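Worksheet: the structure to be examined is printed underneath.
First chain written, first letter: the chains are A, B, C and D, and each begins at residue 1.
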Amino acid sequence: MEPVTMAKAINLSLRDALTRDENVLIFGEDVGALGGVFRITDGLQKAFGEERVFDTPLAESSIVGIAVGLALRGFKPVPEIQFDGFIYPAFEQIVSHVAKYRNRSGVPLPITIRVPFGGHIGAVEHHSESPEAYFAHTAGLKVVTPSTPADAYALLQAAIDDPDPVIFFEPKARYYLKEEIDTAARVPIGKARVAQEGSGVTVIAYGPTVSIALQAAKTAAAEKISLEVIDLRSLSPLDMDTVMASVRKTHRAVVVHEAPVFCGFGAEVAARISHDAFDLLEAPVARLGGLNAPYPPARYEKLYLPDVDRILQAADAALAYG
Amino acid sequence: MEPVTMAKAINLSLRDALTRDENVLIFGEDVGALGGVFRITDGLQKAFGEERVFDTPLAESSIVGIAVGLALRGFKPVPEIQFDGFIYPAFEQIVSHVAKYRNRSGVPLPITIRVPFGGHIGAVEHHSESPEAYFAHTAGLKVVTPSTPADAYALLQAAIDDPDPVIFFEPKARYYLKEEIDTAARVPIGKARVAQEGSGVTVIAYGPTVSIALQAAKTAAAEKISLEVIDLRSLSPLDMDTVMASVRKTHRAVVVHEAPVFCGFGAEVAARISHDAFDLLEAPVARLGGLNAPYPPARYEKLYLPDVDRILQAADAALAYG
Amino acid sequence: MADVVRVVAADDPLRALFSPAGELTAEARSRLGLDAAALRELYRNMVLIRRADQEALNLQRQGELGLWGQFLGQEAIHVGAMTALRATDWVFPSYREFGMAMVRGIDPAEMLTLFRGLSHGPWDPRRYHFAPLAIPVATQVPHAVGFAMGCRLKHGDEVVLSTFGDGATSEGDWHEAMNFAGVFKTPVVFLCQNNYWAISVPLSKQTAGSIADRALGYGFPGIRIDGNDVLGVYAAVAAAADRARQGDGPYLIEAVTYRMGAHTSSDDPTRYRPESELEAWNAKDPIARYRAWLEQQGIIDEGTVAAIADAAESAAQAMRARLTAMPTPPPGEAIFGRVYSNPPESFLREREEFESSLEGS
Amino acid sequence: MADVVRVVAADDPLRALFSPAGELTAEARSRLGLDAAALRELYRNMVLIRRADQEALNLQRQGELGLWGQFLGQEAIHVGAMTALRATDWVFPSYREFGMAMVRGIDPAEMLTLFRGLSHGPWDPRRYHFAPLAIPVATQVPHAVGFAMGCRLKHGDEVVLSTFGDGATSEGDWHEAMNFAGVFKTPVVFLCQNNYWAISVPLSKQTAGSIADRALGYGFPGIRIDGNDVLGVYAAVAAAADRARQGDGPYLIEAVTYRMGAHTSSDDPTRYRPESELEAWNAKDPIARYRAWLEQQGIIDEGTVAAIADAAESAAQAMRARLTAMPTPPPGEAIFGRVYSNPPESFLREREEFESSLEGS
């Protein structure tokens, strides 16, 4: 197969899901004729018709709300939320219903909510948020995010096939990463991936920060510093086995995401490693993330977000510790 | 002064704020004639009139949304959200506007959102949630919660006086705790309190879990185990100085809240202690909280929530570690 | 405010059945197509659910339930609406629709386990076509609409009943769902139980407008009817459901009634509600009114009335007995059992640890 | 759907000004009370803001702005509405109200720093009585209503203008705020810029109902008017603002117009929009139409038209020059400077660390 972008891989994954299961429905704002503002649903309405791929009125709470009703009626809804910053109106439906409906009814809720997330796209306010920790903290949800085209394809298949609700975060700044993908490969929810083997420091990343972690690993390698990069892929459930296997090797860990550090997902990872690897760690677990301020105007996003340098500094500090 | 309940202390604090500053407004569902479902606003409409204390239509997003507009017009709005589980429809307004409006406009937003929270009240679904981590992770907000009547009075004064938005979580299961209060005492936002001095293990709690931590300390004392109990009072900003001062003494820490542990506020506390006290800790920081499942039916809440026994076990484990 | 408001829709089969004041016309009443047995059944169901409601309140007062929200005064809506539906039609209730659920055949004792703190949703919605109670106000309305969209997509002939209170109409979710229903022309009947109160907030503070008239803004008709007339409610829901089944889309029925009890057992309405309102509404009691009409029509006699009262009494006692005898499900199952279809390993581990910690203690 | 809809409200001063089709009547036009200079100023402002809009698009294409959302075709609404208000009246815009802000006197170059990625809100709302742009659709509507509630409580005589698009009317926040406005009878004029599109979603998929008619359900009047007639918009907003100022509460104006450009510079409308629509609307261009009328009335001549075009040209060039010359605020200030009034110590510490890390690099 030709190399494809992550955007295309997601498109293919949706297409294959629509083909495979007639209960899959795709809907949201502008997903029809336009094919989505990122063209992720390009051509799908044409191929599958307006009943299976449709535009909705501009109302996120109901986009998620109808997904609950459709799921009860036997569908597998795959709603799209146009941008990270516009998922908040749907928060009530997600937290009070999507996450808890099975628990009160016994009825499975195979809903996959797709959300382009993260920064580095030079956008205006509300278009670069990283709200994953809100959902990871919500029991009843599964939360995943791919960092490569291949994982995007396979993880989305897994999410749609899963009988439980999944929040599928798409690192929009990585939509144009390209690689060959194998549509037969499977990526189960709940399994992290060693994106780069190494021995000195474990760098734990997900979604958009995986590529900068890999870049950091490359730069570090030039200075004979070996970083092992873990791509979590699944935030909830969190694959601590893979994380711990790495920390057992490196005894040092850095976790990196775009969301502000305070109470971010890195807190969970750091708390877990600090706990489970208490006797193994040779340096405190470092957390890198967005600054603890609202996402800034685009001109400042590079300074706001963690970058290769900050990862290298944290890795150096971990190696120099003690 | 007679001992008063926390409910009464909050009522007095609102009354004093209304008296002191004519720009203070109280509104929400049923806060007027009824005085709130917990009677926190009892008598306030009668005393201050329907213009200053008023019922709104049943719409949380707009309860918060009008607070933004009122603040721009020079008021100090103190809206009430009736229960923790009903704050989610207002999430968009809180995250996208309350937290960020000053950042985009320069206009101060002295809004205090009162939210009864937590469990242990034998209620039906959605009435026992602990959503504090969602807000603590949101840059631009301050998040506080008292555990005693005196703190409730003073912390609410500080919140209303603060020129920035504050989410004020009221531990509803503790509304009937009683003590004398000193209305002249001040509790600044951002300062934790040593609720019980001790030397063996630091137990970090806030809101509803402070009293069980104190009970645990009492029980432990009988077995000659000394627990130091920290009542955080302010989650964001977090007073790490007070926490660290304690851990420097005890070398062991347990953090306890009602929200599910995964990605809960305890993750931030544990990650920080593990990091800042890396060379001091003699045991991994333990996190106790609700189980990682939706809040259960009332009959099971005692089993779901952390209790004295679990605190004691965690303290014992910390002391026995290594 | 508005001096004259007239909304006339060509495809509105309900308008003709009701007077401008929302009363079922005598002519429409005579053409309902319900035989004497069916008419008696309406009465019987109203009596049964009222007695069960009272028993639930008793149980709450005796400490057997944590909370109870009476629907006293709203029986005509519960019974009229449910009788107008087919068993395959789905209902998406809020939290006060206990009577509706009883009419649908859900065991009331089982339902009460929710208020006993044993379950968040004691029945299988798929078995009864009756969704779980929705406590966050208005949040169930988009579910109803989504379900109805699904019915259309599957070319099913089910209709969905979406019920909510007057207070619910202020929530954003309510509006969004109404608008979706209009756009997708979904087979859904919206039934507002306007009982004049949302806890302590009277309708006049809930909105300055009219609930029924809002339908127009969404592209479908709405009507305001007497919600204390079981036949009127039956007729309206039946006609709206028929219309929806034929593919003509949604309809909004605002059934005007009154909450005769407290909001819930935790509420104290004397703090905000004038007694005089109760007296006025007592005179319009849906059961007494209907009984008088049945008697006048010679459809029911004192003997039948007494027999129905007896049946209601024993049903209530049986409900109590079943409820109090019900076992407490094991904690592991109650807390973890239904969260996921495909539970993550870490979740199963946590459950196991929890369960073994219980054995330990 | 509805065959006949008539809403007549006694306290509705707008209804008489417009034909049922939403056209300002000749009689009303003749009694607007605007002298020739004022009529010319309306024209001038429309030309100025259109030229600035075009320049912003140019700047975006040249890489000087990250994004631009044209308001081409909506100038009559921007200018008509703003001219009808007092300088002390507040405006709560969404994100396409650049022209309105210009009319209010905000420096367009400063405004563009938002789209240049330098600021989330470049002006002080208190100085211009113009709230920051609101990007999350409809979320600004409750702010407008809250502000207007505050005006009433302070017994001020300001009126609030709340503007939003057709798409915005589908959001829950829109509904809630409209309902609050009705209940609290707030001095707010709701102005829907119905430009037929919400990105790629046409009005027909946005709602099956009527936007203007929704007002009724909230207890105040609404009207649908021609949004490409600057005098009609002026008349409607002036009358609604007067009414609100007198304490008669909110009014909803649905101004029908058309988005002649793309949604934003990131959008490609050829994917979803038939060209033919543009042609039809081009014929109704608000500036050409108004100029023809002014000429016909002898209020404007070719010389004035040319002079105004020149002024618009130089203003646009000056805007560009000011924008591109604007310094980049220091990062510490831009990221941390406005978050809190009373910043926590830990926040200040983080800012300091950030700033010294910059010095280091």
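The criterion applied here is as follows: a contact is a pair of C-beta atoms (placed from the backbone, for glycine too) under 8 Å apart; a residue touches a chain by one contact, two chains touch by 3 or more.
This is a predicted model, so every value here is computed, not measured.
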**Request:** Chains touching chain A and chain D alike, please list them.
**Result:** B, C
**Asked** Once you count every C-beta pair in contact for both, which comes out on top, B-D or B-C?
**Response** B-D
**Request:** Give the label of the chain whose average Cα location is farthest from that of chain B.
**Result:** D
**Message:** Quick check: how many Å separate the C-alpha centres of chain A and chain C?
**Reply:** 40
**Asked** When the C-alpha atoms of chain B and chain C are each averaged to a single point, how far apart are the two points in Å?
**Response** 36
**Fill in**
Per the C-alpha means, the centres of chain C and chain D lie apart by a whole-Å value of 43
**Message:** Give the residues of chain C touching no fewer than two other chains, as numbers and ranges.
**Reply:** 119-120, 136, 170-173, 176, 179, 183, 205-207, 339, 346-347
**Prompt:** chain A: which residues touch two or more other chains?
**Reply:** 57, 59, 61-62, 85, 88-89, 92, 96, 100, 103-104, 125-126, 139-140, 236, 238, 292-294
**Request:** Specify the contact topology among the chains shown, as one of line, ring, star, complete or other.
**Result:** complete
**Request:** In the complex, go through chain C and note every residue touching chain B.
**Result:** 66-67, 114-120, 135-138, 167-168, 170-173, 198-201, 205-207, 266-267, 271-272, 328, 331, 334-336, 339, 346-347, 350, 354, 358, 361
**Item:** Residue ranges of chain B touching chain C (in the complex, touch as defined)
**Value:** 29-30, 32-35, 37, 55, 57-62, 85-86, 88-89, 122-127, 291-294, 296-300, 303-304, 309
**Prompt:** Of all residues in chain A, which touch chain B in the complex?
**Reply:** 61, 85, 88-89, 91-92, 95-96, 99-100, 103-104, 125-126, 133-134, 136-137, 139-140, 236, 238, 259-260, 262-268, 270-271, 274-276, 278-279, 281, 283-287, 292-294
**Message:** Can you tell me which positions in chain D touch chain C when the two form their complex?
**Reply:** 1-11, 170-176, 179, 182-183, 185, 205-211, 213-214, 216-221
**Request:** State the interface residues of chain A toward chain C in the complex, per the touch definition above.
**Result:** 25, 51, 56-57, 59, 61-62, 64-75, 77, 89, 92-93, 96-97, 100-108, 110, 139-140, 142, 162-164, 189-190, 236-238, 240
